[in-house]
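Next come two complexes built around chain A: one with chain B, the other with chain C.
Right after this comes the complex of A and B.
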């Protein structure tokens, strides 16, 4: 197959998937007893209606971009990090501890320290699985999922004990003082500085993956670890650094959530974005810029759907269903292509 | 009436004819050889007969009746058996269970006793000695092949297709295998044997059909032809079978292994106390049946595996503790026998694959930043110099998986053989390549030798070893059982060593 027809085929696939998605969404809305046309108009109005609602897309996309990037970097290296959720938690705990624990440090410095702590701790958390994989050949999928449970419950313990707000009796930390909060950038919206950071990091990851020898190594290791080793590409180093970077990115998302949105540490802080991130990376074929795009689209659908829910009573869970359908369609397409390749294989 | 008649068979894959109006007739009690280069369409033709592919057009007459098999199951039921080049045995099951696996008349409760008797009887009749209760993965390759044949015979086939059956056998095993074929022939079985070895065709076949580029170019009676005629038909041009290795080889030692050992692991093969010297300006052939430690030997030299004992010296320096990359920087390059797994990242493009060794140093990167322009330029130049042809229009950006085997190998050769190379470890470098690509690769190896570098040529193909090597080491059971000068070596002598028969005693 030449590159030209290949590209055409890809385009056709994308159009097909979009059409199928629209049809299935319409059917789901009909099943709720609402008019798809009305729902669609509310959906669009929900997104573009006001400055605040449009900015909300980026607020929601921000953690998805970072955790999605984390997954993409790891997947590219063949390290199936399903632990973005846990690494997000690690990041939020680390950021909260620094922000609350060093009140005498001036704001900007404290924010930077928060992110450094989050990145390093999240990276180390992912590194545990990488060490298990490279040393003992234990599946990173299992280990990262187990690590998720540990840190999620550790956060529950922390907000009931050493991090609990001494002034209250709910399981959450004290409020982070304004100096260490990430500033809001656009008035009357929730658009905060963390969003800018997410885009900057996305650009940095893109640069790393496409333009540097490290990115080339990660790609080679991910596509054929054996050949990489036989050609002298440092395989263990690649897996370790990809895992560290992956965990660090997800943890930054956790830090932003604490410093910009919640302004305190509490249970369920991730909104499960670490799991959504896996899907986003898959749909984006592990490409950094693809992750940004898919995350924004996903966030837009969420924002639109919540307006739909408010005004028409159509459950916003529809978005989750649709995302699920899209993922199945994309994976199904890959499967079909693989199957076709296998059957069309030429015998000599 | 012929046992099998295939008329005007056509089969195209994405517009390219793999079989273009091919005819083939096999009589009862005939051994019919199917000869052709890689990609000539032999396997495709047999896969059509066996029901794996369906022909686009053409007719198959089986015992005079037109047939069309939808699957191998149908073909077997009609009485056609095929032994594939890569065996399809369940390694963790016994010989007997493999033979009766998926039989049509199996009951819910298996009657192993009766089956065992029948297998024994068949084995005895045709000299296919193998223990029915042995587990398959404890058997040698030759024995596994016997199991495959027994499997077919057990299903009462009348025609047996054998795809490159001798590729994995020692000369002695081959001779034994031919005895089996003759016994089957006497019983009236029809046999189609796919091969590219002239000597075997001359020795065993009654008639031979030659395919070239998907077309039947000749059908000859073996007794009335000569190898050079077969070769002319097969290639369509005269072969240059001699190589310029007649200048005297160097004497200065370049690479030496001293007492290198590797313990037996779950996968792979052990090595025992290997001591070997590779000199400048020589090709040292390593002969041996596959799976006697060749891969391990290559990987210990290139640094992919570490030996448990012994030393590896290059140019007087101990490189024992050095990584793959450090050894590459000293000039140890590697053409692996497993292109797709060891050498290439098939989802990356030509440029990226050509850079797998050198991406980390100037001019291809500076301080960790890749210089795509320099990479592309170097790739273009190599692709042109080594005549790597990619099928697509995207040239250097074509994913390597879309390349043919020959072009993939040229790409590897282009990457590995550079000015940097000092020691070229080439493992089965021409396996699966057509004649043109084979010559190309061999010429490059000889060039390296003549340029004063050392080439370690590991090959199961004795003709290749004999044609290229200055000295020949024979590996058997993880030991070097002999090192001979080419002038004094004979095929028989090497064949015996490959089978573990040394002058003094039987090894293993």
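Right after this comes the complex of A and C.
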């Protein structure tokens, strides 16, 4: 196939997938006995209706951007990190411990320390799986899933013991004092400083992956480990550093959630965003800027869908269905091309 | 504390709870083992079980019949596994990606359908399967109550575990299934239709995973709740590794996970001061340790999660 028809084919795939997604959403809304047109208008109103609702998109996108970036970096190095969920938890625990444990340290310094602690701890958590993979050749998929459950239970233990709010009897930590909270940037919304941090980190990851030798090496390892090794790329070191960076990014998301949104540590703090992140990275083809875009789109869908749920009773689970369908369609795009095969033009 | 634990009453209740909690993991684990031995990693087991749970509830609700519920659960699980087969066998795509996408999809689909079905009101329970004591065996102290005073699905699992053991050990078909997972190219040159075997494995994977999910609804709870599998599918994956890809191993590993779960509940009731959350971490730590221990005598099928394309080198 020539380059031109290949590009045309990709474009055609994208258009087909978008159309199918819209059709499926409309059918799902019809199935609830609601009118798709009304739903769509509520969806749009839910997003652009007020300043607060529009800002909410970025609030929801923030953890997805960071965890998604983490997944994307790891995936491009061929390290299938499903552990963003657990690394997010590690980051939130580390940030909460520093924020609550060093009350005498002034605010800004403490916030920086929180993020350093979160990044390092999350990185080390992911590193365990990288060591298992590089040294013992054990699948990182299973290891990261196990690590997720270990830290989720550890958080359950932490908020009932050494991190439990001494003043209450609810399983959550004490409230983090305002000095160490991430400030709100726009009044009457939840737009916080962590969102800016997420965008800065996204730009940094883009620069690292696209413009530096290290990024080039990471990608080379992901494309073909043997070829990379033969050309003198340090394969083990690349996987290790990619895993560390990946875990660190997801952990920063956890830190932001603690310091900006919840202002305390509690169970279920991630909202399963670590698993969503995997799919977001995949839909974005592991490109850093793509992750930002897809995360914002996904967050917009969530915000819009929750307004649809409130007004029309259309379950917001529709968003999970849509992202699932999109990934399945991307994987199965050849199925959409059966017509092409009949003409005998299909390559592989 | 030790005296309190070593009473017959405590042990009976503990073991009984362990078996009950382990049962969905055993079904899911057995289904996953069959798929993985044929070379297909199904991370989507969570979605398979969730689908099984939802459709068994819907089936039992609409048809007012437990067998119909079970049938719907099996079919619901199969559909997800076959979708995984379509992506990973027919289209030779990345199996981890496909599995994760299916988990997310099924979480959405089951929550969506349940909301549609219930339209806001909460459902009453559906009828659950009764226990049938096996005469004689169920009278054995401690073990009898736990293993032989159970529902019919538990007994079916015992049969399946034993059957799977002999199937892989001493039948030609069983060997073919292993060959397909270990070295698909060699299997194909020996005249074994690799992908047909893998499709069969996916059907069994879906059916067993479906029963695993249905077990929660039809035996344990009688209701469906959103995301009710809550990680059991992933634990089933761990049970397969911990059980070294053998049916008795999966049985033992799932029982261990169930026991860790049961122990935290039982210890709380007698007021022992140890955090249930620390106990709940144990099975995962053990699994990681077991994976490290398995180094050298690698029990993982050689061709696991590698797509097989006929005629490709």
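Following the convention adopted for this analysis, the second predicted complex is superposed on the first by the 333 of 348 C-alpha atoms of A that agree within 3 Å, B and C clash if a C-alpha of one lies under 4 Å from a C-alpha of the other, contacts with A are read in each partner's own complex, and residues count from 1 in each chain.
Here is the rule we use: contacts are C-beta pairs under 8 Å (C-beta built on N, C-alpha and C of every residue); 3 or more make two chains touch, one makes a residue touch a chain.
No experiment lies behind these values; they were computed from the predicted model shown.
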Request  = Determine, under the contact definition given at the top, whether A:50 touches first (chain B), second (chain C), both, or neither.
outcome  = neither
Ask   = Which partner does A:41 reach: the first (chain B), the second (chain C), both, or neither?
value = neither
Query = Taking the superposition as given, does A:188 touch the first partner, chain B, the second, chain C, both, or neither?
reply = neither
Request  = Considering only the touch criterion stated at the top, classify A:216 as touching first (chain B), second (chain C), both, or neither.
outcome  = first
Ask   = Does the superposition put A:10 against chain B (first), chain C (second), both, or neither?
value = neither
Message = Which partner chains sit in contact with A:325 here, chain B, chain C, both or neither? Use first/second/both/neither.
response = second
Request  = For A:161, select first, second, both or neither according to whether it touches chain B, chain C, the two together, or no partner.
outcome  = second
Message = In this superposition, which partner touches a larger number of chain A residues, chain B or chain C?
response = C
Ask   = How about chain A: which of its residues touch chain C in the complex?
value = 28, 31-32, 80, 82, 132, 136-139, 141-143, 145-147, 149-150, 153-154, 156-157, 160-161, 275-276, 278-279, 282, 313, 315, 317-325, 327-328, 331-332, 334-335
Remark   = Listed in rising order, chain C residues that touch chain A in their complex are 41, 43, 83, 86-87, 91, 93-94, 96-98, 100-109, 111-112, 115-116, 120, 226, 231, 234-235, 237-238, 241, 275, 277-278, 280-281, 284-285, 287-288, 291-292, 295, 300, 305
Key: List of chain B residues in touch with chain A within their complex   = 13-14, 16, 18, 38-44, 47, 52-53, 302-304, 323-328, 334, 336, 341-348, 352, 355-357, 359-360, 365, 368-370, 391-394, 397-398, 402
Query = Which of the residues in chain A come into contact with chain B in the complex?
reply = 1-4, 211-216, 219-220, 223-224, 226-234, 344, 346-348
